[in-house]
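After the structure tokens below, expect a handful of questions from me.
Labels run A, B, C and D following the written order; every chain starts at residue 1.
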Amino acid sequence: MQDRPHQDKTGKDAPRLNPENPPDFAVTRWFNTKTPISRDSLKGKVVLVHAFQMLCPSCVAHGLPQAQKIRQRFAEDQLAVIGLHTVFEHHKVMTAEALEAFIKEYRFSFPIGMDEPQGAGAPKTMQAYEMQGTPTFLLFDRKGRLRRHYFGRPDDMLLAAEIMALVIEPKAAKKEESIAIERILAATLLVPGHDHGHEHGHGHHHHDHADGCCGHDHDHGSCGG
Amino acid sequence: MQDRPHQDKTGKDAPRLNPENPPDFAVTRWFNTKTPISRDSLKGKVVLVHAFQMLCPSCVAHGLPQAQKIRQRFAEDQLAVIGLHTVFEHHKVMTAEALEAFIKEYRFSFPIGMDEPQGAGAPKTMQAYEMQGTPTFLLFDRKGRLRRHYFGRPDDMLLAAEIMALVIEPKAAKKEESIAIERILAATLLVPGHDHGHEHGHGHHHHDHADGCCGHDHDHGSCGG
Amino acid sequence: MQDRPHQDKTGKDAPRLNPENPPDFAVTRWFNTKTPISRDSLKGKVVLVHAFQMLCPSCVAHGLPQAQKIRQRFAEDQLAVIGLHTVFEHHKVMTAEALEAFIKEYRFSFPIGMDEPQGAGAPKTMQAYEMQGTPTFLLFDRKGRLRRHYFGRPDDMLLAAEIMALVIEPKAAKKEESIAIERILAATLLVPGHDHGHEHGHGHHHHDHADGCCGHDHDHGSCGG
Amino acid sequence: MQDRPHQDKTGKDAPRLNPENPPDFAVTRWFNTKTPISRDSLKGKVVLVHAFQMLCPSCVAHGLPQAQKIRQRFAEDQLAVIGLHTVFEHHKVMTAEALEAFIKEYRFSFPIGMDEPQGAGAPKTMQAYEMQGTPTFLLFDRKGRLRRHYFGRPDDMLLAAEIMALVIEPKAAKKEESIAIERILAATLLVPGHDHGHEHGHGHHHHDHADGCCGHDHDHGSCGG
């Protein structure tokens, strides 16, 4: 995709994502929350971000119901679940008003933010996190570091186990403690078709593709029904 | 609902739906078809109309996939499957352009028409057919008579059996032949919780409600997620 | 398979299945019925036979629940649904007593017969009908003729449509009437990957294989979990 | 139930289950393992035991596939998954030979033991662990202590999160460390309809009943299809 930060049109090298200190969310409007959410306001909690588009079939059928189920299973003071509407196609119709109606009809209860648009391409947070499409899940630890990035459909067991591990990891965990948790996760969770054994492991991508994902790698976004 | 034809604001009795000669579709724009579709152009085929809204959860999860599956199971020259976008809420965001993107992303292959809006309430075809909400299925015989009207989620077996019966009923069926088919259907298909034994049986309603239906019986439309 | 009737061990040509006059069921014991069932006692009704084994995963997960659902959707005086326990492997453990417990625990309500064993191979009815394994569905018309034979997992719409067509076909249908019904079915129902266009069409096989079917084509039976 | 250890027929008080030092498995035969499994041989691993009956519908449809999925998701050197065939009804037909055929056809890959029978009632391990029926899940920590007991259908997220927490808990965890883990679990995992807030929390029962469970609380076992 032409407008990724490290391939930007100016020819300059854009800064790559640093999972130890990832960028804040660029959100133009929030739903289901009285006060805007920032990465600072989330410090101390594990955070699951679900990036979706309301016209992405796999998000509607799988990603969003899964995020809602996680919201109902894990306590809010331990885990924040946040939706991020990352519109990279059909910009004219996936508006704030449309999203508001969508959230109302589907009765999602977690906060959902609109990723800041940047013209015709991927919105700002999506670009900054180098997301490849929707649905995407990002998982952050209590210190705000990006620990997991899934494009596609990670299953319930995988997400729940990784969330639980990060809930157990202390807020004041030293680097060695985080590495120890990552080593246990790498030794325990079998990801079919993937080498899961990164020792530091922050922010590495897993791509559990499935029909219905919407990618924006090409000139025009494309979804699979 | 205040704007139903037989309760219209003028105080005059509006004409009630006549299933033997039901009204034509009032469609402002068609997708997935080069030429507009009218009830005349469908004469000779059995016709299944699926009335939906793109922001109705039960339509997206159940009704539309079912219509698509019926399209793939039954031959086009015997059965026409037609979608009807009957917007009775969130009018500002369920536009033609939004519907076009929705159809593209979900890859529906059957013709879909936009029911003609009438201000803030139910659109014209929806009103004329006295639909109570979405999802709704209408089933017409080869002569264009309305034979079934379901609000909610009729199951695959029920729809397939009734479609097959109407496919078998000759185009030139005499009244007695149609009554005979209806008697067989009434004697054969068990509809849980409903008395199915109407002898003439045209256009009677079944309400197989389920979570996620969107009704417009009250002042404000309401969906269930 | 070595013990099929037309390849029997005596070297003589065994009679091939005649769908116009198929053999009676060879059943050693019936459950869920006070009186034994024969093809004579079923004359006048459409009949769906589901051949299964209690240790066949696809039968337990798909075939038997589908047969039960069909039982609940179609009236008993129009359609008979009959289970047939066709044990061609693990004979020692799939006994009458085991089957009785199985039927009780799963709460199947339709009559189920035990196909007459013939040593280590396929039982008598299974052999006579040239079944290839389980799950298998056989569909008979009101005259007792075999009209469909599916090995694997035909879907709900296909079975319901074909059952409905045979329910509509008169008990005293002349040959031309039956051919007309078959022509309509062939013109209407699209069977993915199969040529469905047989004019007389009795007893032709469809193989909608799927994981979990148990076949007995080889020296030893094999199932897929 | 009359044959529970603390209500035994001799009138003597039977020993109640001690989750800190639960009894060993009484198994008469093992499948899918070359060497018998004892609680000693499992020390150091987290252990998930799934108690089932091959004629229990909910075990076949839910419990066993879930156990198999857990086996495929978690590494064997961190988590042992063990099936336990706890026959408390239909003893004559749920034999070793029947179980062997069942395991083969369903392709379960984890070790499965036959709980030692005790006449017509619940088998020995089932009784010692005070199980109420099938499906039941028992979860043990690396020290061999019983930490969870579910009768019914705990969901994938709940089981995966609790397994992961026990995988993280060190083998040489001091009592305070285990209590800390339990406190985090109690503060994090929301169990609908249950007070999950036990501080020490070993071996407390959750009953996530669902249709198809088989209970043995009454004179005669009963399943629900």
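To be clear about the criterion, a residue touches a chain if its C-beta (ideal position, glycine included) is under 8 Å from a C-beta of that chain, and two chains touch if they have at least 3 such contacts.
In this text the structure is predicted, and so the values were computed from the model without any measurement.
Greatest Cα-centroid separation from chain A: which chain?
The most distant chain relative to chain A turns out to be C.
Which whole number of Å gives the spacing of the CA centres of chain B and chain C?
35
On a C-alpha centroid basis, what's the spacing between chain B and chain D, in Å?
Those two chain centres are 50 Å apart.
Roughly how far is chain C from chain D, going centre to centre by Cα mean, in whole Å?
Distance between chain centres: 39 Å.
Taking each chain's centre as the mean of its CA atoms, how far is chain A from chain C in angstrom?
Averaging C-alpha atoms per chain gives centres 50 Å apart.
Quick one: which residues in chain D touch 2 or more of the other chains?
Nothing qualifies.
If each chain is a node and each touching pair an edge, is that a line, ring, star, complete or other?
ring
How about chain A: which of its residues touch chain D in the complex?
For chain A paired with chain D, touching residues are 69-70, 72-75, 77-79, 155-165, 167-168, 181, 184, 187-190, 192.
How about chain B: which of its residues touch chain A in the complex?
55-57, 60-61, 89-90, 92-95, 97-98, 101-102, 105-108, 214, 223, 225
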